[in-house]
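For reference, the structures are reproduced in the following blocks.
Each of the next two complexes has chain A plus one more chain, namely chain B in the first and chain C in the second.
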Partner chain A sequence: MSTPPTLARRLNEWGLLLGVIGAVIGFIIGFAVGTHAIPYSFDEDNSLGSDPGILLGYALSVVGFLAGMGFLNYPIGRLLGAKRPTEEDNAYMHGEGGGLTRYFRMTTDHKVIGLQYLVMILAFLFIGGLGAMFIRTELLTPSPTVANAQSYLTLVGLHSTLMIFMASAAIIGPFGNYFVPIMIGARNMAFPRLEALTFWLLPPAGLILLSTVFLGGFTTGWTGYAPLADQNVLGMDSYLIAFALIGMSIGLSGVNMIATIMTKRAPGLPLSRMPIFVWSVLVTSFLGALAAPALIAAVLMEVFDRSYQTTFFVPAGGGSPYLWENLFWFFGHPEVYIFVVPAFGLVMEMLPVFTRRPLWGYRVAVGGMVGIGLLSFVVWQHHLFVSGLAPSLRPFYMFSTELISVPTGIIYLVALGTLWRARTRFTVPMLFIFGFFFNFLIGGFTGVFLSDVPSDFTLHASYFVQAHFHYTIMGGEVFALMAAIVYYLPKMTGRTMDTKLLRFQFWAVFITFNGTFISLISVGILGMPRRVISYAAYLQPLNISATVFAYGLGLSMALFLGILLWEVVIKQKVAARNPWESLGVEWQVPTPVPLFNFDQVPVAWSLPYDYDTGKPAADFGPAVPAFSGA
Partner chain B sequence: MSDVSPTGLTVVDEVEGGGRTLIFTSRLFMAANTTLQLSLLFAFLYLRANNFGGMWHPSGIGTPPQVLAIISLVFPLITLVALWAVWNAVGRGRESNAVSGLLWLALVAAVLTGAVRILLMYQFNWELDSAGTYAAISTLWYAVLLGEFILVGLWLLSLVMGHVRGTDRLSASHARAILDQWAYITGVSIVVYLLIQYIK
Partner chain C sequence: MRNRATAIRVVIIVWFILAVGGDVALAFGPIPPGQASDLASSESLTILLLAEIGWPIFSAVLAALFFTMVVNRTAPPTEEPSAAALRGNTRAQTAWIAGTLVVVLSLAVYGTVALAIDQPGAGVPSQASALAMPTSTSQPLEVQVIAQQWWFTYRYPTYGGIETPQLVLPVNQKIEFNVTSLDVVHSFWFYALGVKADAVPLNDNVVTATPTKIGTYRIQCAELCGLWHGNMADNTAMVVSPSDFAAWIQQETTLDAPIMKYLLPYSHTYEPSPTIYGS
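Right, the complex of A and B next:
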């Protein structure tokens, strides 16, 4: 820096600490105001406080956290008519010269934000995974052992909600933020501060959710169904505020991604030549931007019910639980595709690299993803088949739900077409891609039974549903996430992971995953209800099988994290510049990627899958060869 | 390396979305906001259609004060007209005091909009725990709109301050973006007013 750092910058260096202080102050103020200013007369056990106090306390704690992090500096400056930040200020906010500290403060560099996302998601997935281990341990025996029904439900709710939160950002968070601007030739996102905000809303959301254990927990599971949600103790407030924050993050991230992709593409890069991963992010972003507001509306109503004692979801007061179910699932089903569509994009982005063939049916694949996005808005009522949905509506929602398997099948056709007669390189990411397609296929097949009204009546609320969901999200998205981590880490960190050990890890996770969830499909078919702590004795052998495999699954996931930490953080094994010999533009820029990505933005772009000729996706001039070693 | 650029262009230093990005994003926010408004509309119509236990609109529950509700619609219309005039003037390259005057007018009307809407909500006089679902959804909807007016009002304030202090002169794209937002919220608030006032 040519000039001494300003006070604002010095404070920014301590952003995380100041954020925590701001959160504590915000909570105290909010709790005091909410407790004393809002009349409240619920009969629940409120020795820890009142719902308005907790809700307002959490809300202001988030405001305080963001203020401490420095998110209000820019808007307040604008409100006062201050000058716009200088280029030097912008470079500083982008992380110039920041070293490791930039990962612990607000920055506007999409690459730093991508890595922040990755670390946070892995940390929360680890916590959520521990919850799964506790659940499986409890279910070793048919009767309750360690937990009681209330604490078991809280455990299930925490595990599921935390995993859903993280899954919604697992691909777009790290890889969308890091690579989309590079893949489209942009120096940054359209709204970098907004991008930072979408990340920094999530750690408070996760912590607020976890704090539910101090407030009595919540028994609704991740779906937050009313009227149980209205009747729950204070722990429910954690769920509501956390979900509202997640909804805001998803919606704002969606708007920012769409704006970036639609308006910041390099000259010479039309939509028809965008990498398939960018297409998947675009489709997902539309889902997020348009679906998340429905969730926010539902959460607002529930907050009103719990704090002002309105009766949106209370039948005795004129409300209806179905209102929550409709609004929640109008968000909730597109949310499932918010998880999966970017995973489709990632695996299709990687397939050509390892098959050394162009992506077969690029336009068809784009059409498939757009089709999934459109159809995902008209299927939500299949979640209500057994909830009293008007019988005349059932055929439509059964048909629309089954129809969505068509564009999904198209994605499989594209993958098969790309693999056909290819000289496939069986690298670790490719193994995970195969695992993805195998698992998601089972997830898709089991989904057909749930979209079909008669079989759904039999299987609803059983472990079959739980296993189906885990096959699509864990078997699908998480396998794609692991493929992407191994594939993209050399670019993101300049470090690489041990492939021999990872091969073992892949087979361990693949076998134990399938062992766990085939067992759970079986107990579901045999009638074991989910979210219940006890079960019939004859189901114990299969539950023991599920638990043993689940322990193996937990260990193999821990092994993945261990390899990641050992190789990348401790051993720091240096990666080749383009270890997979990809033609993607992200592999043509130097590692580490320059602060603003490109010295000059290239203008000649083609699809990055021309492995017949080996032509890279973008023309950087003569200096950069397509492939080179470390 | 490709031999010839298919676009015939040469490398560039930066892709500047600029005003196009701003206007496009402003409209994206309106699209997202539409989902929020439609969710509230769905709730309104759903609760009214079902009228569980006759608790949609129990006897003794009135509508929002008519005069105040109409006044709360007049001020945003004044802001809207002023913003339209600002956009026209800036679009034609007029850098006169008139632009500043119109911006101040828009801002004052926006502040009055917020003030009247807060006052209006205090005049509802509904006991929310027993006033039924009409009162609940009306209060929530008015609160959401108030929040949106405040947010866009703050944005307007930042534009006015930057313009009058000369630190950031108002661009045509900024003028257009905020005009779009204000027009959208004003339009929605008129529809909501009609709905709440006449569909009980």
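Right, the complex of A and C next:
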């Protein structure tokens, strides 16, 4: 770059530091205003401050953080009449010549953001996993031992909320951001600054959530049911602000992905020819954009209930706890498909590579995912079967819930069709795909018992539910995530973590995972409710079994992270250009992927699954060598 | 190709043995939540039925996955990898979707019918005021469950509205549980009777069940309700003979006599305390 860097660029270089300074300043201002300027009538003897102080402090600290990072420069600059950014400015913001520092500032490069997401969700996964280990340790005995009731419930809330944060971004964050633009032949996202914002909302959300331990914790778990939430001390505010930030991130990311997929596709790429993973991201993005606003609204109402004595959810003031339950689950149920639909997409994207076959039933697979997306908005009251809310509607929600197993079953049909008579290459990602289908099958069949109202009377809110959603989220989504990490790291980093040890790691995680959650299915059937620190003595043997397996599970997950760090960061083992011999567009571009992905926008020819003919999916022009098979 | 045909046969036979064996084992195994009430029996039956239908399908999908992934992997190398690229099969897709739809529709119909038989008009109180004293065992006896942080108390409106900390029920008498809360959302879970109902302030959640086995049972809270949620459990709930029940009512009436004038008049819901803030 010939011109000297402008002031804005110099400031952007120090974005993270300025962001932290901005956050501190914002918190101080917000806390002072909230504590002293807002009349606050609740007699809460808490030396740490009042709810308005904490809430406003957190809100302004996030604004300060984003301002310090430079998110306001463009909109405010444009409002004040600044010139449009030049090509050079854009290239700079995209991370040109940035090296490692790109990852610590605001950039508009979807590839940088994908890697930022990957590191962050692994951190969330690690912290949340530590929480799970503490929870299982406490449950070795039927009465409190290592924790007290408050710290136990706070741990349960932190584990669940962090894992929900992790899971809602785990696949769409790293792989959606990194690969969707490449797969559709786009040089960038539709709203690159917005994309940076969706990532940079998350680290503050995680830190604010964790700060609850300094504010007394919260006892509501991740569901935050009112009016219990109104009773809670200041730690509840951390949960509310963090969840609002996550909701914004999910919603904005959805809008951005929809716009990108709808408007930035390469010539020759109609919707009917998009890679299946892009379809899954599109469906998920609609879910996020439509469901997240309900969560944000509910959270803000709870914030007002706690600070300004509105009584949306307080029965004594004419409100209703059912309102929270409805709003929360209206978000909460599409949310679980936000977790798992991208996992379906990834798995179906990888299957043809390892079976060397075309994807069987592409259209019906797309239809299945769209069907899941539509149905997921009309099933939420199955979380409220025993709540006493609208009992006459229960048969409808039972029916719609059971109906969703039809489009989900289609995913299995597509997998079986693709695998049919194939000579499958059992690479490490393929092992994890096998684990995904096995675990999700159990998750699906346990779901049938919960969707049926009479059997749900017994199983509702028991450990059976807990095991069911761990089978779908951890056994499903996280297994797909691990497959995708091994599969895509060579493209994202130019290095590989594929070693013999990973095969051992897969079997360790597969066996200990199933051991843990089959034990927990059993304690649920035998009558153990969720989120208890004390339980009936006759359940102890199964709980011990779950804990022992859970320790193994924790160790094998740590082994995965260990191998990842060792091979990629320390040993820096260089990967082959296209180690899996994939025909996908994302594997045809050079590694590292050029700044704007393509020198020349490719022309799409076909779906990238023609392994019978070996025909590449797109024409990249003369500059890029054709697929060489190695 | 003969190897493949043999492998398919072996997998099908193994699946068949697993499916039939599993279903037979299920039919003889104890199915939760047991047979301690008509509701629990019906839930057991539903769980058994779902398991009986689900297990063969589950094991069939597993067998297919196992076959396509594992058996094919060891197929002889003479087979050409590019043979017969399949891009879909309308008949297979239609059959799969139709098959799953039929299973799902029949499950939904069955669940609706079972719900209608178990719990006609469940969830809402059958009338505004308390029920009259039942004249037969098939008429419901009203028992109110009041949840608060962190215990349950019970009121018997047909016995002068006495309030007790212990739940005692007469055997073979239909009971209408009216569940409500004084503070946050709880859930009344009488596992052995198959009863689970959320306790929501200002709401009356109704479940009926007829206990059929004399014994002592466990009751616990099934909705996170704050600090001592895990300890909101009681191992002393009892189902007793009608004569023991009458004696127990007599004893509790005497015990409650001095405090009856302080108790709120019986009602299906109670105004929660307006100062629920602060801990």
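Convention: the second predicted complex is superposed on the first by the 615 of 630 C-alpha atoms of A that agree within 3 Å, B and C clash if a C-alpha of one lies under 4 Å from a C-alpha of the other, contacts with A are read in each partner's own complex, and residues count from 1 in each chain.
Methods note: a contact is a pair of C-beta atoms (placed from the backbone, for glycine too) under 8 Å apart; a residue touches a chain by one contact, two chains touch by 3 or more.
Values in this document were obtained by computation on a predicted structure and should not be read as measured data.
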First, second, both or neither for A:Gly388, with chain B first and chain C second: second
Touching partner for A:Ser455 - first (chain B), second (chain C), both, neither: second
Which of chain B and chain C A:Asp612 touches, first, second, both or neither: second
Touched partner set for A:Leu79, first chain B, second chain C, both or neither: first
Touched partner set for A:Tyr308, first chain B, second chain C, both or neither: first
Chain B or chain C, by number of chain A residues touched: C
Touching partner for A:Ala316 - first (chain B), second (chain C), both, neither: both
Chain B and chain C footprints on chain A, overlapping residues: 315-317, 320, 322
Residue ranges of chain B in contact with chain A within the complex: 1-2, 4-7, 9-15, 17, 20-21, 24-25, 28-29, 31-33, 35-36, 39-40, 42-43, 46-47, 50-56, 128-130, 132-133, 136-137, 139-140, 144, 154, 157-158, 161-162, 164-165, 167-168
Touch list for chain A against partner chain B, complex: 41, 75, 78-84, 185-187, 190-191, 251, 254-256, 258-259, 262-268, 289-294, 296-298, 300-301, 304, 308-312, 315-320, 322-323, 326-327, 330, 600-606, 615-616, 619-622, 626
Chain C residues within the chain A interface of the complex: 4, 32-33, 39-40, 42-43, 46-47, 50-51, 54, 57-58, 61-62, 64-65, 68-69, 72-73, 75, 79, 81-89, 92-93, 96-97, 100-101, 104, 107-108, 110-112, 114-115, 118-119, 121-124, 179, 183-185, 187, 189, 191, 194-198, 200-206, 218, 220-231, 233, 235, 271-274, 276-279
Residue ranges of chain A in contact with chain C within the complex: 42-45, 149-150, 152-153, 219-221, 223, 225, 227-228, 230-233, 314-317, 320-322, 356-364, 384, 386-392, 394-395, 398-399, 402-403, 405-406, 409-410, 412-413, 415-417, 419-424, 426, 434, 437-438, 441-442, 445, 448-449, 451-455, 457-458, 460-462, 525-527, 529-536, 611-612
